[in-house]
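First subunit A sits with subunit B, and in the next complex the same chain sits with subunit C.
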Partner chain A sequence: MAANAQSLSEAIVKPRLSRDDWIMRASMIVIGAFLLVAVVLPLYSMMSKSMENKDGAFIGLANFYEYFSTPSLFLSGVNSLWVAALVTVIVLVTAFVYAYALTRTCMPFKWFFRLVAVIPLLAPSLLSGISLVYWFGNQGVAKELLMGESIYGPIGIVIGSAYWVFPHALMIVITALSITDARLYEAAAALRTSAIRTFFTVTLPGCKYGLISAGFVVFILVFTDFGVPKVIGGNFNMLATDIYKQVIGQQNFQMGAVVSVVLLVPAVIAFGVDRLVQKKQVALLSARAVPLEPKPNRRVDMLMLAFCSFVALLILLMIGMAQYAAIIKFWPYNLTLTLHNYNFDLANGGGWDAYFNSVKMATYTAVFGTLIVFFGAYLVEKGRGFNVGRNVFHGFAMLPLAVPGMVLGLSYIFFFNNPSNPFNFIYGTMIILVVSTVAHFYTVSHLTAVTALKQMDAEFESVAASLKTPFYKTFLKVTVPVCLPATMDIFIYLFLNAMTTVSAVVFIYSTDTQLASVAVLNMDDQGELSFAAAMAMMIAYTCAGARLLHLLLTRGVMRSSQAWRQR
Partner chain B sequence: MNPTSFLTRAIGGLCGAAFALGATGAFAATELTVYTAIEADDLKRYAEEFNKVHPDIEIKWVRDSTGIVTAKLLAEKENPQADIVWGLAATSLMLLKAEGMTEPYNPAGADKLNKRFVDTDSPMHWTGMDAWVAAICVNTIEAEKNNLPMPTTWKDLIDPVYKGHVVMPNPNSSGTGFLDVSSWLQLYGEEGGWEFMDALHENIAWYTHSGSKPCRQAGAGEAPIGISFAYRGAKVKAQGAPIEIVIPSEGAGWDMEATAIIKGTDNLDAAKKLADFSVSKEANVMYNTVYAVVAYPGVAQPVEHYPSNIDELMIDNDFGFAASNRERILKEWQSRYDSKSEPQG
Partner chain C sequence: MTSNSYLRISNLSKKFGEFEALKNISLDVYESEFVCFLGPSGCGKTTLLRAIAGLDIQTTGRIEQAGKDISALPPSERDFGIVFQSYALFPNLTVERNVAFGLENRGMARAKIRERVTELLDVVGLPDQGRKYPAQLSGGQQQRVALARALATSPGLLLLDEPLSALDARVRARLRLEIKQLQQKLKVTTIMVTHDQEEALTMADRIVVMDHGVIRQVGAPRDIYAAPSSAFVADFIGTMNFLAGRVAGDGVVEVRGTPFRCDTADIPPGEEVTLSIRPEDVILCNGDADVVNGLDTVVRYVEFLGPFCRVGLASDVFEDGEVCADLSSNMMRERTIEQDAPLKVRFPENLVRVFPARS
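The block that comes next holds the complex of A and B.
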C-alpha cells in the first residue's frame, strides 16, 4: 500500500516516528473518518439508491433513462440551468460595481454599505420569496411595476435568488479587488493610459480569478437552492424543487436520488473548473507590492454612491417588507399591527421549540465544527510526513463544497436510517443535524483555517520541535492564539449558516428536533405566510445579534492578542 | 475497582435511577410514539382527552403534513420508529398496508362505525376517524372586483371567465389534490375526467404543494378561488377572511383521517388501547368539534362555517380505485400538466 511505502521510506530517513507523529496521524485518521462517515459514505449510498428499483434490486441506469425521458423532469433541468446562469450574470455585475465602489473609490458611507450588504446572509433564502409575494403578488403593494407579468415564476425566482446570493459574491469580489499592486496603476498613469484602458488592462485581469470564483459560487448556490423557487416559483419547476416533490410528495426515493445525482453533476463540474482556474492564479502581491490608496474623484464617487444607495435600498426594502408582513394582522384586509404572528405555537410547522432547537443546533454546530475544522486544517497544514494521508484528507475536506445541501440531506436518510449501520442511533436526533450541517459547510471553514495557518511561519513548528516541545503544546500556546480571529470567523460562519440552512436538514429533522428554518418552509407550504415571515425575522434578529457579538469580540481580541500584527 | 465491577455498578445505578424516575411519574409508564398529520392546534386537546381515559400512557407526537409523514413512515420501513398512526389520510394507510407495515387489529367498538369508514379486511388494518371533504373557497371581495360569478359546480370552474383566477393543489405532492383528481375521474369517468382537467388547467393560475394553501391564498385574496377542503375553509373563515365555502353540487371527493397500528411496535398493548379509544364515541365527539363528518353514526353536530349539506354531497368514494391506480393517475397528470411550466398571468 502506498501509505505503508510512504511511511517505510520515511522510516529510512528518520530513525523512527516520534510520539508526536503518531498522535498527529491518529488524530488525522479520526477526523478523516468523520468526513468519511459524514460525506463520502452517505453519497455512495445515495448513488447506489439511484440505481435501484422500489424493491431495492439493482437496475443499472434504468431510473436515469426514465428521468430523461420524462419531459417535465428534463425541462426542470433546463430551467435550473438558465435561471442560474441569468442570476450569475446579474449578481456578478452588481457585486463587481458595488465591491469596486467599496475598495477603489472614496465614496462616503462605506461602512454603511458594507453593513447593509450582509443583511441577506442573516435569514433563510425563503425570506426573499415571502417578501416578494407581499411586494408583487396579486395583492402586492407594487404589483403594477411588473406590468401584468406574474411574480410567481422565473421573474420572482431570479429577483429572489439575486437578493440572497449577492453577499456571497460580494465577499469574494471584495477580496479579489483588495489585493492589488499600486505600482501597476502608477505605471499606467506614467504612460498616460486612459482610465478605461487601465480598467480593462489592469483592474479586470487582476481580479479575474476572483470573478470566476464568485461566478461559480453564485451559479451553484442558485442551481441547488430550493427555498426561493419553493415559495415564489409558481408552476415553474426546477431541479431542487423536483427532489422535494419526488421525495416528500410521492415518496419516490429512487427518483429523488436520480435527481440528486443530476443536480450533483453541474455542481461538481463547476467546482472542478474553478479549482483548475485557481491553480493558474499567480501571486499579485509580491513582497514589494504597494497597497493601493484610492484617490478622490468627485464624479466617480457620486456615481458610485448613487449605485450603492440603489442596491442598498433594494436590500432594505426586501427585508423591511418581511418585517412589515410579520406584524400585520390579516393581509390585505386588516392592516392593524399585531404580535400575534409571533405566537408560533398556533401555527402548523413548528412552534417556539423549533426556534430554540435552531439556536441550540447552530451553537453546537459552531462549537464542534470550529474545533474539528480548525484542528483538521492544522494537521493538513502543519503536519509532518504522512503526505498520502494529508492529501486524502484535504480531498475529503474539499468535497462538501460540490455537494448541494438537499443531496447531502437525502443521502443521510439512506445511509443513517439503515438498521445495520452502527451509527443508526443518531438518526432522528440533534446529532445528525449537527453532523450534516458541519459537513455541509466544511469546505469554506476549512479553507479559512488553512489560509490563516499558511500565514504563520513554519519556523514556529521547527523551533518547537527542536526544543522537543510536544506539538499539541505549540498548537495550544502559539497556533490557536495567533489564529483566534480566523477561528472566530469560522465560528460565526457556521453559526449563521446553521441558523438559516433549509436544504440539508429538511429531510432529516424529527419532531423533537424541528428547526426554525424548516418551520418557515412548512408555514409557507401551509399558506401561513405571516407566521413564516415572523419566524424568518426571528432568525434574522438572532443572526444579527450573533454577528454584532462577533464584531465586538473580534475587536477585543484584536486589541488584546493581535497587537503584534501592527508595526 | 476493576472495570467489570464498575460497569455492573454503573448499570445498576442507571436502572435504579430509571426505576426512581418511573416511580415519581407514577402514571407515565408507557411512552407511545404517535405519528400524525392532525393540525397542530388540535394535538394538545386530543392527547388530553385520551389521557382522561388512559392516564398511564404518554403520547409522544410526531406531527407533519400528510405527505411528509407518509414519506417518513415509508423511509423508516426497515426500522419503524412509530408505534401507531393516529390521524393520517386513509389512502396513505392503505399504501402502508400494501407495504405490509400495518398490524391487523379490530379495535373494540369498531363494528359500531359507519361501514364506509373502516377497512374491509378482517381483522382491520385501519379505522377511520373523520372525513375531510373537497371544497371551493371563494374570496367574495376579489370575486366582485374581477366580476366573477359564484361557482356552484365543478364544471362552472372551467368557464373561461375564471382564467388565471383558480388555484389548486398539485396532486403529486398533496393528498387533497389527489382526492380531487380521483373524484373527478370517478364522477366523469376516465375520459371525461381528463377532459374536465384539461379545461380546468387552462384556468389554473398555479398549483400549490399543499392542500391548505389554495384556501389560505383565497382568504388573503392572492387568488380569488382556491380548490381546497372544507375544514381549512372553515378555519380560514373563522379567522375573518372574506370567503364563501362551496361544496360543488355534483359531489365532492373526500378522504378520511384514520388510525393504524404499525407492525413490530414494542408497545402493542398501549397502541391497541389508543386504537380502541380512537373509534370510541367520546373520541368521535372530540373530532366533531372541528370536523363536520365523523365515523361514529349519530354523533355529528353541525360545525360553524361548514356548509350544512356536506354529508349528502360526499361522493361514493371508491378508495380501492384511488389506491390501486394512484401511481398511474399521478404519472398521467404530471405528463399532461406539469410539463407546461410557464406560469400563466
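The block that comes next holds the complex of A and C.
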C-alpha cells in the first residue's frame, strides 16, 4: 500500500537541458534542414511531378501507365537491368581475383597494381566511352577485334562501365578480404584441409558480405549511370539516357520524372538490402582477429601476376588512348603530336572557363561539404538525448546514396526552378551546383565521419561535461585533431567526385557555370571528340594532383602526430 | 535529515525501455566518505553512478547533493569529477594539458594553472611525466593522470567507475592503497564502482552491495563480511559454504538427517533454509570425543595457498558437493592431512548462519 502511494506520487524526471544541449540541437536542426532542402523536398517535388500532366494537374498514375505501355520506354528498363547485371558479374569476378592477389598472395609489384586500379576514379565515366570510340569505333585501331559487331551499343556500354566501376568494387572486396582471421586458416591447415576446400569453406564465406555489397554498389552505379551509354550507347536506350532525352531533348519533364521514379525504385531496394548486409559485416569486423600474413606460393603468385598485369594493361590502354587522342592532330589521318586540343576556347562544347569553374566548384564542395558533414556526424554521434532528432537526421544522411545523380539533378529543376520557392535565387548559380554535389555524395562522407567518431572513446564528452568545458572547445581541441585523417579523406572524396560528376549537374548548370565534366559531354555531342578527350584528361591530371597532395599531407599529419597516435 | 548527509538518493528508478535497471534505490552518502558500489556485472552499478553524474538521468526519483536538488540537472551543472575504466584521456594532449583541461576555461591565469597542474601531478606521483602523451604511459600511470584530471577542479564528489579493472594484479593492489590514501588526505566524498569484492573490502568506508537493480545491503566492510544479511551477500563477499536444510526446531537445522545447532532466529520449524559457514570458521577436531556440530568427513583435495591450505571435504551430509575449510599452515603441520584421509571437523554454533532457502 505504502509502495503504491509512493509510486503514484513519483513523477518522471524531465532532464533539464544545458546550454550545450541547446546549441547542439539547434545546429543539428540547421544541418537537418539543409538536407531537407537539398534532398528530401526536391525528391518530393519530383515525385509529385510524375503524377501531373503538362498543365500541372494531378492525374495519379496515368503517366506511369503511359510509360509502361510505351514499348520503347519499357525496353529501356529491360536493357538497363540486363546490362547492369552483366557488368556486375564481370566486375565482381575480376575485382575478387584482383583483390585476392593483392591481399592473399605474395605477388610482386602490389603497389603498382594498387595504383593502377584507382586510375578510373580520376576521370568522368565519359572518358571510357571516348577511349572506346578511338579503339573500336568506325575508324578505331582495333575495330577488327569485334568481328563485325558495333562498339556503339551494349558491347561498348558493358566494357566502358566495367572499366569505371572496377575500383569501386575493388575497394569493397579488398576491405572484406583484409579482415579475415588468420586463426581460421591455421585451423584449416591443422585439419589438413585441401587448398580448394579451404577456399570454399573459409575464404569465400568470410568475404561473402563484402562481395554482396560490392555487387549492389556496382549494380546501382551501372543501372543509374548516364555517361557511358550517352557516349557509346548509340541507339541502345537505357533508363538514364531516357531521362536525359526526355528532359533535355523533348522538354518532357513529366515523363522524365516518371522515368526517374522507375530508376529510383530498384536503387532504393538495392540500397536497403545493402544496408542490411553491411550490418552483418560490421558484426564480423568487431571480433578481434589475427591478421593474415600471406605465404609465398610461386605458381599462384605468378598466375596472379599474369592476371593482374592483364587487367592493369586494359586500364592503361583505356586511359592511354584517351591521352593519345588528346595530343594528336586529326584522327586517324594526321597523327602528328599537338597541344591544339587543349585550346578549349576553340571548342563549341565549352572553354577553359568550364575547367576553372569545375576546380572552383570542387573546392567549395570539398571545403563546405567536409565542414557540414563532419559537424553533422559529430552531432549525431556525440549528442546527448534527442534520439528522435538524431535518428531522423541519420536517415536524411543515408538517403542520398539511394538517389541516382540524374534523379537528384532532375529533382532540383522541379524544386528550385519554381519561382515561388524562396531558394529560387540559387538556381543557375554556383551555389546550386555545390549544394547538389554535397548532397549527392553526402552519405559516404557521413559514414566515413561516423566511423572515425565511433573509434573515439565514448566518454570524452562525459569527462568534458564534468569539467564544465563547452562542447565546442572539446570538439576543436580533441575531436577535430584526432579525426584529422578522416576529415582529409572526406575532403578528397568530395573533391574527386565533384571534379568528375556529370549526372546531377548536367541538369542544373548554366552558361555561366559550365563545368569541365559537362563540357566533355557537350564536346562529344558536338563531335569534338579530341577536345573531349583533352578535357577529360585535364580532369584526370587535376584529380591525380589532388590525390598526390592528399597523400603527402596525410603522411605529414601522421608523422607530426606520431607521438600520440601510436598504440 | 542527517546533518552531514552529502548525497541523498531517494526512490531512484531507471528504465531502459521495459527493462528496469534500477528499482527504487535509496541511499545516503556522507561527507568525506568512501563508498563502493559492489555487485556482479550487469547489476546496475554503472547505471546508478551515471544517474548521479547526470550522464543518464534516472526515470523517477530524486538526488540531492549538498542540500540542493540536482535530479534533473545536466552533468555540466553538477559538481563532480569522474574517472572511467577506459580513463578517456585525450590522446592528442599531453599529460599536463589533460590535467589542465578543466582549468583552462575558468579564466584562471596561465601561471596559476601551471602551478596547480604541477601540484596535482606531484600528488598522484607523476612529477616528471607532464610532457608525455597518454599513449607513452603505462596503464597505471594513465590511471593516475585521469585521477589528477578529475581532481583538478576540486570537485565535491569524485566518481570512479571500475578504475582499476584494466590493470594487472600487482599495479592494481598498489593503486588501491594509493587512491585510498589520497582520498583520506583530500577528504573528497568518493563513490567507486567495482565488481571486485577485495577492492571494495580494502578501500571502502561503506560498501553498497547491489544485485539486479536493488541494494541488498549497506554497511562497513567488516560488518558485511561478518554479518551478511542474505545468502546472496554472503556468497558474493568472501567465500561461503552452503548446505540446504530444514528447520527442525528452535536452534536446530537438519541437513540430510544430521542436526546442526545454530541460531535459527524466528524462522518457524519445517521451513526450508540454507545453512552457511565460512571456510576459515571450520574447525579441526582432535580425537573422537563427541562435540556439538561435529562431522566425520573425507579429504577430497588439499590446495596449498601459502599462509593456509584450502581443504575440500566430502561427506554424505554434503550430497555431491563439498565443504571447503581453510586451515592455517600451523595447524596443518601438527596433523597429516592428505587426500582420502578421514578428518573430523566442527562447525562452531555461533558462526553458522541460517538464511531462508535460496531461490
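Assume the second predicted complex is superposed on the first by the 540 of 567 C-alpha atoms of A that agree within 3 Å, B and C clash if a C-alpha of one lies under 4 Å from a C-alpha of the other, contacts with A are read in each partner's own complex, and residues count from 1 in each chain.
To be clear about the criterion, contacts are C-beta pairs under 8 Å (C-beta built on N, C-alpha and C of every residue); 3 or more make two chains touch, one makes a residue touch a chain.
All of these numbers come straight from a predicted model, not from anything done at the bench.
Chemist: Of the two partners subunit B and subunit C, which one touches more residues belonging to subunit A?
Modeler: Result: the larger residue contact count on subunit A belongs to B.
Chemist: Taking the superposition on A as described, I'd like to know which of subunit B and subunit C A:Ala464 touches: first, second, both or neither.
Modeler: It touches subunit C, and subunit B stays clear.
Chemist: With both complexes superposed on chain A, which partner does A:Gly60 reach: first (subunit B), second (subunit C), both or neither?
Modeler: Neither subunit B nor subunit C is touched by A:Gly60.
Chemist: In the overlay, answer first, second, both or neither for which of subunit B and subunit C A:Pro296 touches.
Modeler: Once the two structures are laid over each other on A, A:Pro296 reaches no partner at all.
Chemist: Is A:Pro422 touching anything from subunit B or subunit C once the two structures are fitted on A? First, second, both or neither.
Modeler: neither
Chemist: According to the stated criteria, A:Leu17 is in contact with first (subunit B), second (subunit C), both, or neither; which is it?
Modeler: Touch status of A:Leu17: second partner only.
Chemist: For subunit A, what residues appear in both contact lists, the one with subunit B and the one with subunit C?
Modeler: In the superposed arrangement, which is not itself an observed complex, subunit A uses no residue for both subunit B and subunit C.
Chemist: Going by the contact rule at the top, pick out the subunit A residues touching subunit C in the complex.
Modeler: Residue positions touching the partner: 3, 6, 10-21, 384, 457, 459-460, 462-470, 473, 477-478, 481-482, 561, 563-567.
Chemist: Going by the contact rule at the top, pick out the subunit A residues touching subunit B in the complex.
Modeler: 70-72, 75-76, 79, 133, 137-139, 148-150, 152-154, 230, 234-237, 245, 247-251, 253, 330-334, 345-349, 351, 413, 417-419, 424, 428, 510-511, 522, 525-529
Chemist: Touching subunit A in the complex: which residues of subunit C?
Modeler: Subunit C reaches subunit A through residues 11, 13, 24, 53-55, 57-61, 71-78, 80-82, 84, 86, 88, 90-93, 101-102, 104-106, 133-136, 149-150, 152-153, 155.
Chemist: In their shared complex, at which residues does subunit B touch subunit A?
Modeler: Contacts found on subunit B: 39-41, 61-65, 67-68, 70-71, 74-76, 78-79, 81, 95, 141, 170, 172-174, 205-210, 212-217, 220-223, 239-242, 330, 334-335, 338-345.
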